[in-house]
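When the chains are written out, they are named A, B, C and D in that same order, and each has its own residue count from 1.
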Amino acid sequence: MVEYAKYVDVTKCDGCRACMVSCKNWNDLPAEPQDFLGSNQSHAKVTANTWNVLSFIEHENSKGNLEYLFRHSACFHCKEAACVKVCPEEALHYTDFGTVVINDEKCVGCGYCVQNCPFDVVSLATYKDKHGKEYKKAQKCTMCTDRLEEGMQPACVTVCHTGAMEFGEKDKMIQKAEKRLAEIKGKFPNANIYNPAGVGGTHAIYVLAEKPSVYGLPENPKVPTSAVIWKDYAQPIGKMMLGATTMAVIGAYISNKIFYKEDHGHDENGGGSNE
Amino acid sequence: MVEINLNRRQFLKLSGATAATLAIVELGFNEKEAYASSKEFKIAKSTVTPTICCYCGVGCGILVHTKDNAVVYTEGDPDHPVNEGKLCSKGTTIRQLYTTEKRLTKPLYRAPGSSKWEEKEWDWMYDRIAKRVKETRDASFVDKEDGIIVNKTERIASLGGAALDNEETYLLSKMMRGLGIVYLEHQARI
Amino acid sequence: MSKQQQPVVQVRRFSMAFVIAHAVNAFAFFALYITALPMYTEFFDWLYPVLGGPATARLLHRIFAVMFITPTFIWMIFDPKGFKLWLKELVTWKKRDIEFFTEFVKELFGFKFKHVRQSFFNAGEKINSFIQIITAIIVIGSGFTLWFPELFPKVIVQWGYFLHNLGFGLAIAVVVGHIYLSVIHRHSSPGYSGVITGKVPAWWAKGHYPDWYDEEVEKGNFPDLDKEDKKPKGA
Amino acid sequence: MGANPAENHPISFRWLLKARENGGKIVSVDPRFTRSSSQADLYAPLRSGTDIPFVGGMIKYAIDNNLFHKEYVAKYTNASFIVKEGFDFKDGLFSGYNEETRSYDKTKWEFETAEDGTPIRDESLENPRSVFQLLKKHYSRYDVETVVNVTGTPKNDFLKVCEAFCSTGKPGKSGTIMYAMGTTQHTVGTQNVRAFGILQLLLGNIGLPGGGINALRGESNVQGSTDFGLLFGDLPGYVGAPKALPEHASLKAYLEKETPKTGYWSNKPKFLVSMLKAWYGPNATKENEFGYHNIPKGNKNYSHMALFNAMYKGELDGTFLIGTNPVVGGPNAGKEKEALSKLKWMVAVDLWETETSAFWQKDAGSNPEKIDTEVFLLPACSSFEKEGSVSNSSRWMQYRWKAIEPKGESKADLEIIHSLATRIKKLYKNESTPAAKTINALHWEYGGHGEHPDIDVICKEINGYDAKTGKLVANFNSLLDDGTTICGNWIYSGFYPEEGKNLSKRRDNKDTGGGNFLNWSYAWPMNRRILYNRASADPSGKPWSKEKAVIWWDGLQKKWVGNDVPDFKPVVSPSEPGGQNPFIMMKDGVGGVFAPSLNDGPFPEHYEPFESPVANLFSKQEMNPTVFIFDGSFNKKGNKSKFPIIGTTYRVSEHWQSGTMTRNQEWLSELAAHMFIEMSEELAKEKGIKNKDKIIVSSARGEITAYAMVTKRFKPHKMNGKTVHQIGMPWHFGYKGFATGDTANRLTPHIGDANTNIPEFKAFLCNVRRAD
């Protein structure tokens, strides 16, 4: 299966934020006005109803020159996604495109994914059912997988007028990123490609002008060790233990029955060998 | 009437087996091809109408998707040479011009000294406006000034119109000057 | 022995406070178990509708979580003596405690075994208590981080998931054994009623916890079963 | 420069970025580091209101370093013309100034002409009275030191911009200047644009692909609405509106006075008569001068500010507001709101309840009981709930189809205007007063069904047709001045050349060469995409360069051919008279380096804004000496001791104009939800303001409260040894809609450009303080 990726070259972004609206328009997401954040940025980070946020960063580089940096931030669609790992309902899953999506019907709103995402991307949305009762579901960028299935590109990529975003085969996107990196190294010596190995690489690959931390990104994100131990060891062992004890108990019960029949002399009150 | 050629829509270049598994739907122009699934694809079976963005003067093309008398989606027109399917944040929002709860849907009238709007019928509004225009016009009409025929009223003004269609601006310009209005201005000034 | 026809002599083993505490604890534990089960493994997803949906399940889990914490305090407040004894017993380990286990395994599977002399709590119960205390601390502590993630650093919350899972895994394993021994195992049913009513047949108590029994006899609280004529006080 | 396309015209910026991929350079000149600046190769800050020094310095740089396109300048501009003796420039004033009337006697700026009236030329450009030498002399004063002392631009940045832009003077290179309201909203707005024009003519950048000066239109059809005469001074097609003057008293007099002998405007009589025929139909006869007398004539300044001044004085009874919101968008908006309460009636047509239509409400700070204005608010539908065309910044007339029925009871403006016109006409039907006669003469037959007029009938009237046969005209070349042709707007003539063939509906997106897309929609005039494209070829008709070829003379076919429709008579060869005159709309057929028709001088000269924190370093004339100064409370002026900070207003990407079309949209409202004031870290420190604080900005006109946005993107201007602070704010906000905030225009003054009366929104004085 060919892997696909969204290529985001933040050095081409001019901060128009069409990607934000386009996402809401396609996915029918409501607005959620926020308090004033002290810059042009509208939301501190992505939320359950705002799947991508454009961050505005004023950065003075080592030469003392002002850089006005923008970053389209959305789900990275990790190859080894912590959210998929921790989801107890298998609601979070990988698609054939390599994207990570939430099956709404399966999601129970437990929030495990919310707490374990190394990029802080997943959030819980609160909805009301027809009786007015509130319930929650995890939400995040789907990379418009419904559009991908129809052979169309993600809404944010489609609308991007600067060429900062593209969607295509991951290999090609990486080649593109490398080519671009070579072009901009002169202007941005700290430029880098963000495709972190700690999560097995991502399906949203960034060309960043500055270090990831300048953009508020973890330098070395990974699936939390706790999640690995929990999901790969504790839970299977726990299940095994549950199984083992249950088996032991059942075994004990049966063997008791057998021995009880053989040794009918024991009284029902279970005094045991009190003699 | 409208010929839309979506040949430049940026479909993924999917290769081999993958492509075969992915149905590429031409946006429901042909209902027979429409995506059949338990959860219907958002713009399957929608009617697509091209328009030009109503915001700035760049003149980007936009496709409006309507279905069951509702605007279900708007997107950049991929065939349009100006924007090639791209849009800015404003252009992307034009769907909400229709869907927003803030839209006026009834003529509103505010009587002198009143502190509230009253809903009125169009006919009532038109007739009353026409009457007021005539009153003011008749009272203030100047046909001659220093021996020159001027045929004007300086007590009525008309402002605005930069978002109107050309045909509308033509009628507006014709009507206002026809009424003798000289205070005729619009947003090009500010 | 065949004393069935006689009214069995009952002695008080547990205070009412403990009985209630134990009951609440047990109930809460199972309630927590049930409400969490569909989260733990997809196999039990069918429980969601039974519980009124995930949101309600979570709400119930939190209610039961609070319930789960209370028994310790009930016992501590209404039966401080018993509570103290328990703590004391927990820290008292002797050779016989070790011996207990070898015999326990035999008993468990119905083989012939002998009673190693035990005090109020036998070694098995002590182990059970220990594990339950530790797992309770783990589960409750981590539970807090999961309930109120905004109050904790993310990494703590993330480890919280692991610990909650770990604690639960241990607890359930022990609980399964605990229940089996108390409810199903044929030698345990008096113990089971003991934890329900607070009372156990004197003979059973003497058999299982001779040191304690003898102590109580000395205090004059329990009938000396070796002197059949005496009526137990607590009957 | 004067534009921030990444924020206000983002898709235009797309093409700048593409140009850069082909080796182009983006230069951003702006008081503030904007989203456009973030993508620019060069950024130079300047103090608001100092564009003329900046561009004047560039003009000097181009001349001094011999970077201008000499042949282009000599042949295609009036730089070779000789200005009559008597023209002079002294201490900030051109000759002919009258202090009392605050105006110039423009006869002092005329060209020397031969006996036949044609200007005398010196193509060597060496005659000391040639425009070129006068230009050189005028801008010799704009040396780098003085320029940067006035603009506050770091010298190095200024020189880099000069070097980069002036390198486009070579054949094969072109540069464009994209401007918007940052250029025009000044007391010297017209001259700002003129400065761009001069620079571009010097560099030979007009008429070429990638050249020109491009006004980025702020509204979807501000181009079309201006084309159709929605400003008091122009009838449709830029035919000047007649005034109440003896020389305009009759059609004959008007045409005699206003028709130039040469240039394309010599056809004016055909255009005006055809328009009169369109307006007055059968009531326009040769005998009654085609109904010319019906056209209203006035001599006053009827522009926006004058209009509100008159309204404030109670001189207006009724006003129509068609999709406009001056209570947010007008200068000194607090006063404009007060003015509305003097009206007897007001008709507002809009999609929303705006701050203007609701000016009488308590929320607006008004006392409804005391306001006797009768307000009619008519719900209009949006652009895709009706059909019709709009014209973009490139004059592309593009059709918008109807996607859905109007929401609720809302209606298309076309129908509203039509219904009002027919009802008003009906009231006059049986009257014969002078007022009745003119309106009865208006020909208003648009068929259609019910109250909705037939748009095709209107389109045909705009395009023009034969009065007798009804046959559509092919284009404006077919128009006549004898009343036999009908044409509503000559510049659009040709978009509907045959029955059922509305060319604005064309959707063939094949690039016909040079990115001109000739078969996509229709561009007025005559589907020409690059104006003055004759200038892309040298005098002999060969393109200046292969890279920038547009049209060229084909000697075999004996016509101009190429990628675009020639903006020229297609069969006039380079050797024929006029064959080397690309600027066909100019009387002399050449570009105007020297502009003797403007109110404030033939060359752009720097004057400080109405309110400025510094003295003019170029002359004793502080402010443009020809601007109209309104009297009364509309025109309070702040001084620099009380208001030492320069304020400027602008737009953000996520909102549009007065915000009615974006603050009523939730998605945009959440993106830019709060009114803010941008300021430098230095100023914030000085004033004890922290980021996100609530602050108060005050000017001589009023006060507003907003959030402080302390940013590195604003830096204090250091000039002439002085530090001057500047702050900026969006002007989109009001109290209606989802995103609300104080209205920036409560601070701005009622003063405008000397030629266009566009208000000076971009440079005024203010002060800031913390709100608590």
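Note that contacts are C-beta pairs under 8 Å (C-beta built on N, C-alpha and C of every residue); 3 or more make two chains touch, one makes a residue touch a chain.
Since the model is a prediction, treat every value here as computed from it, not as a measurement.
Engineer: Of the chains present, which has its C-alpha mean closest to the combined C-alpha mean?
Structural biologist: Central by C-alpha mean position: chain B.
Engineer: What chain pair shows the greatest number of contacts?
Structural biologist: Most contacting pair of chains: B-D.
Engineer: State, to the nearest whole Å, the distance from the C-alpha centre of subunit A to the C-alpha centre of subunit B.
Structural biologist: 40
Engineer: Measuring from the mean C-alpha position of subunit C to the mean C-alpha position of subunit D, what distance in angstrom results?
Structural biologist: Computed value for the inter-centroid distance: 86 Å.
Engineer: Just give me the whole-number Å value for how far the CA centre of subunit B lies from that of subunit D.
Structural biologist: Between these chains, centre-to-centre, one finds 22 Å.
Engineer: As a quick test, compute the distance in whole Å between the mean CA positions of subunit A and subunit D.
Structural biologist: Once rounded, the distance between the two centres reads 49 Å.
Engineer: Residues of subunit C touching 2+ other chains?
Structural biologist: Residues: none.
Engineer: For subunit A, give me the residues that contact two or more of the other chains.
Structural biologist: Residues 16-18, 20-21, 25, 161 of subunit A touch two or more partner chains.
Engineer: Where in subunit D do residues touch two or more other chains at once?
Structural biologist: Residues 10-11, 14, 653-654, 666-668, 671, 738.
Engineer: For each chain, which other chains does it touch, given as pairs?
Structural biologist: Chains touch in the following pairs: A-B, A-C, A-D, B-D.
Engineer: So in the complex, the part of subunit B that touches subunit D is made up of which residues?
Structural biologist: It comes out as residues 1-5, 8, 47, 49-62, 64, 66, 69-71, 79-83, 86-94, 96-98, 100, 102-115, 117, 122, 125-134, 136-141, 143, 145-190.
Engineer: Using the touch definition up top, name the residues of subunit B that touch subunit A in the complex.
Structural biologist: Counting only subunit B, the residues touching subunit A are 9-15, 18-19, 21-25, 35, 41-42, 73-76, 83, 85-89, 91-93, 95.
Engineer: Which of the residues in subunit A end up touching subunit B in this complex?
Structural biologist: Residues in contact with subunit B: 1-2, 4, 16-18, 20-22, 25-26, 96, 146, 148-153, 155, 158-161, 167-168.
Engineer: In the complex of these two chains, what residues of subunit D are touching subunit A?
Structural biologist: Those residues of subunit D that touch subunit A are 6-7, 10-11, 13-14, 17, 33, 35-39, 652-654, 666-674, 676, 691-692, 707, 709-713, 738-739.
Engineer: For subunit C, which residues are in contact with subunit A within the complex?
Structural biologist: 1-2, 4, 38-42, 45, 48, 53-55, 57-58, 107-115, 146, 149, 154-155, 157-159, 161-162, 165-166, 168-170, 172-174, 176-177, 180, 184-190, 201, 203-204, 207
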